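Can you keep this structure in mind? I'll have questions shortly.
For clarity, chains are labelled A, B, C and D in written order, and residue numbers in each chain start from 1.
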């Protein structure tokens, strides 16, 4: 049914993104994909080897995931937030299609729900995926109590702040992302297309997983200025003071719209909203204005919010879907190892989505060098 | 009039019960709950795809049957989620294995855990109602209570648990009391309506908390807004060693407070004063009671109870504070107080119902039923309508009209004077 | 010719009460027909049925021979029925014109109010019937007598032929009442017919062409002023012989209990409702305060009981200055208070009788030990008081709200009299009570006086003040016009004083009071 | 009325205490401008207010002036006004002067915050206007209900439901279809509110609370059950209203682009403002509606059907709230998200009280909220050293201060919140 087609479609997108040129075979099934296919930026030169094998045999392989259930516990945002929770969920949906696993999700309303929601999945789920730094303690506690249960947690690196030492648990995969690296690229691209010389950003709330985007974005613009002796300004974030523009919520699209308008009033013509669905409000404002660009966050906006594809410059991809897919795949293939995973440009954990045509070929070429620079550690992407 | 009570001023429980039953005071909440469930089930049925598919592909009868089954399945899940699986419990007790028994009764204990904050906020709102005040700000008071309690939990060191826990609870209560005092004072001194002021203070509390978590209360070495963990000496005692058995002493504290509030309201002169102000402020003034003082006291106490709800959550469950520590309890408190007729016993029972719904709802929203937990909000709204407009229930179920009006009427309008 | 109005067989039942029981009434063209009955006899219910505010359970209404379908005042209005209500039906924040035209507006272009045309209309009516009024004034700024004029103009604006006056003199001075009688006469002369509802015998005999007496919802009989006198009407009204006189023994006057000096009290609108009032009350005497409602009595009592703090002046109770004391302090020094509005101030209607009986002593031993209420002690006392003061109730835990007005007042009397106090302030103690209860309360007041207490009786019922008091202080526009000896004065003289006219030289004081404040009204 | 706990202060009365307090408040503001702003800026710093919206075709130069000079003028004026108030008093005009001085304080604050920098004043005002739209429309809803004597605390719930229904129907049909559906949805909820509070005489605050809980539950439930599911996502992309430029008016410099290049919701707000003000105070309909809220029994004796009038008013009010809710999904961002109204309905309630139950006052209050809400973004961009959380709190604290009577008590309809008992 519809849901399956959609899942397949999403899978194809991801496959296309991960494998770059390998997406050819399935083209007919995905008409929307065509739009994004052309200006593809290859962020991952060397896709992780272990994912390649199951990927290629998508249709023929026996469903090795029968009887396996992966479950997501969302943060207080909904599963359909067009960004954070949804991207993670897509990883499960993809695995469902590929491996025939079962899936489930549950939304949290408040802090006290985390324990309950995680515990509620203990009996039924083989893998529990907790999304968001707020679930740190709950996940740790549950994982300690249930050594046989497998977990993954997004945006958390377990750390004992009292003893000041890192914690690693054998049954938990800690998925973290250097989104600053991808946002750096977005900042570079933004600086290259701005006509006003001003680009803007804002966040939902001042969480580390939010401000890291803004840091990278800022440094990317600065790098552009240094390289091209330009003077593009970033408004809405000050990495030194770690203060900037925030809506104070992740719900109000109307606030997102107002943010967009304000930033445009002050001259910004490229905006990076790091605020989940609130960013869609900004996209609406940008679309109405007509002469500005929006940069998507977490997922590729041209796919999650196709209505705004025409004003989407690019998207800062936090490939939670891919890494969660990998975790499931590893579990199914007995390759699972607990501990920290850091998604970077190098391993494809973060990346930049397709660029809009407005980005010049020169800049695209420069990006390849920058990516190499970042991977090599020559370019600083955050304070 | 009931003849039997003429010479019996001290009514016993059975008499009260039958009187209430006849007047509908007991019957109406029960019928309201039943009606709420029926309507909730209806919503589950009419929003299920399967039913429509059956309508299209099969017959009307089949569709109805599937719709009915969906609703039944949902409530089954809710029930098992809230109370545990009866057969498992039975088997566990027969087997006599402690671990198995623990596992079997865990859902029920979790229901009690979920009910605990509801008891506190329900009492909070009920105390306000009794004084003629509509405290719509339990939410903000709860948040501030959790902030101050968590602060007491990590910042005050070197105390034994026996002192640290009560102290942290007290500081949590004081935080809530402060957040209740402000609208109480404004109402008493300026007539500013507490409904508006408490709503405003909810927003202020949320923003203030976020700022506190970002700067002064930020856990060391962390960047995300989260407070340090409280010390072990401030954690509320849990009855089971197992980490997942969250049942803690907070539930009994809540029950004790329920009794305390009852004693305070109905057995002390202070309670008499508050209730008189709530029932008839003019008569209270005439009788030498200072309504302004009573309003301030009542709002502060109401805030303190809500603050304890927050303290209970951080000291008993979360052990630290992050944004979104607790949401929606303010309106739940109103619903619980209304459903419990602002009687402490009624409030405790209503809170248990809400805890049941909440905990059951957590199962409901998981597969295989996957019904959004928001269903319980809809059911609560229905239940409340029926409680608040008993005439509807009376019409449906053909009950007789009551003879006496109930004590405790809200101040109407916004003027405040 | 058919009567302009015929009520046949009207029956109306309220929960527990048969308010109207098969009432018949006819009103002829051009007559003033008085409807006489005690409070609660069913007069107002009957008129509300006629006026469409209530639906009758049975019976029919004929207007000029045509059936009136009741159920909406609209129908009554269009049939030419109009009513001046006891509590004015005026919107205080609207102007006179707006109040008059409400419901039958003069508009232009369809919906838009034509205020000018309506104001002209009001002016025209007021000139024609000699009812002076400013159409653009806000009703909240008008004195009570003028507000009543607005009510009458409302009826005339709607071309009503049948006018119902419900207790219209309750808020008027005797002189204003006389003027109202003149207005009613001139209305009848211009072809209107009037139903005049009252329980005041004197007025009935002075105004009515015919009198119908109702008692407990039933018509007792119809008579004319020529055939009846006060005593026969009274016994028809009450159903037994009534002794309208109160017997009181002479009591030796004692020390000064309450002394008030130059008291100034502001009302809610920051105007001096009580303006430099001085008087004293001694042990063993009843000082009656007479005056038309709204001349500062309410504020005076509130100041004396601590409910409203005076702006200036001195109040001494038993030698202690209590001008800024709280109600509780005053109660504790030894003052009892029967409030003007028993349901609003005196009782918590949702509380049991037992709780109401300890409403201002709940915190004292033996009702409370420390913070804890002593339920048994409270019940014991309540049983005793119910017995002693003959409160008719099923039990002491019955809600006060379910008692009759008379029994409610008894609860207050029981509470206030059970404490040993040196001063009793009784404000409108018999308002709205049946004759039996009035007798009872009067008896209690006299007894209180006999026991050596000082009693301050504030009442708008002139008869009551005249009969009970030893001395009478007459209030007018916040001033005490004069204090007279009850034995040596007449009703007419007090009546003049109540209107601010001082026959024996108190005129200067009055001139001064007129200058200070105008537009003094109660805003009830 | 004998013993009310607080005396009712008539709107025109200014007590001597209040006169003095206000005098000191004015002087305090003058001092604040001097110390906090005027003394903090360098003498040669300039404040630049951009007066042109980015896309506007009407050209208008930037407004540049010396920060310190402007601030010095401001504090001197405030000090003079404060002195006059202390000595002579502005009497009835005290509130007017208070408003003026508050305005000068805000202008001084902006001047200081922008010194050595620039701020798009036109943008700030445009955002103020847009943020005021749902709040003001919500307040209009409250006015309709409360002027007829029914308290409507359920504006939030009605807005939320209106937004949801408008989204679904806007996706299935077009923007107008969505708008009509959203308005009707608000009307249906209001009808329930009317039945509960008028027919069953339920406490109106409880009835409103129930509707709020119900609305949150239902919209979240349906949103999770349908809108969040990919196969139903087509239900969550409504057509929205485009900007409609009013021909001549939009050419007016400064004001034109701010006010007359907007979508229908902004225009509707102004039309409703006029219609409601005129309707309430100059028509038969309004006179009757207000009489029912002031003294229902009087209205009843004059043949006005109190129940019917209240039903009508409440249902119209609900439709207004539905319209306000539709703004979020048809006039702002064409997409529904759970709880997207974010408490705006409650702010509306505050704006209505703040605005003294009058349409014009409510617009003023709505603009004030909108201004505070928008200003915090600009201040964050200007890097004013006030944490964003405190800026977010400002509008709520302002409401409390106003409610506490600093600006004087409003005139609530006398029968507001009281069920009418015919028998």
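Here is the rule we go by: contacts are C-beta pairs under 8 Å (C-beta built on N, C-alpha and C of every residue); 3 or more make two chains touch, one makes a residue touch a chain.
Small disclaimer: the values here were computed from a predicted structure and weren't measured.
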Maximum centroid distance from chain A, chain identifier (CA atoms): C
Computed distance of Cα centres, chain C from chain B, in Å: 47
Centroid distance [mean C-alpha coordinates] between chain D and chain B, Å: 32
Euclidean distance of C-alpha centroids - chain A vs chain D, Å: 38
Length of the line joining the C-alpha centres of chain A and chain C, rounded to whole Å: 77
Chain D, residues touching no fewer than two other chains: 2-4, 7-8, 224, 387, 389, 392
Residues of chain C touching at least two other chains: 307, 344-345
Sequence positions of chain B contacting 2 or more other chains: 207, 210, 214, 282, 285-286, 409
Pairs of chains found to touch, sorted by chain label: A-B, A-D, B-C, B-D, C-D
Partner chain A, residues of chain D touching it in the complex: 50, 53-55, 119-120, 122-124, 126-127, 130-131, 134, 223-224, 227-231, 237, 240, 243, 328, 332-335, 337-340, 342, 373-374, 377-378, 380-381, 383, 387-389, 392
Chain A partner contacts - residues on chain B that touch it in the complex: 110, 114, 207, 210, 214, 219-226, 228-229, 242-244, 246, 313, 317-328, 359, 362-363, 365-367, 370, 373
Chain D-touching residues of chain C, taken from the complex the two chains share: 14, 51, 53-55, 72-78, 83, 85, 88-94, 98-99, 101-105, 107, 111-113, 154, 268-270, 298-299, 302, 307-308, 340-341, 344-345, 523-524
List of chain A residues in touch with chain D within their complex: 1-3, 6, 78-81, 107, 206, 235-236, 238, 241, 243-246, 248-249, 251-259, 261-267, 277, 280-281, 284, 288-291, 307
List of chain D residues in touch with chain C within their complex: 1-4, 7-10, 13, 15, 282-285, 287-288, 290-291, 294-295, 297-305, 411, 414, 422-423
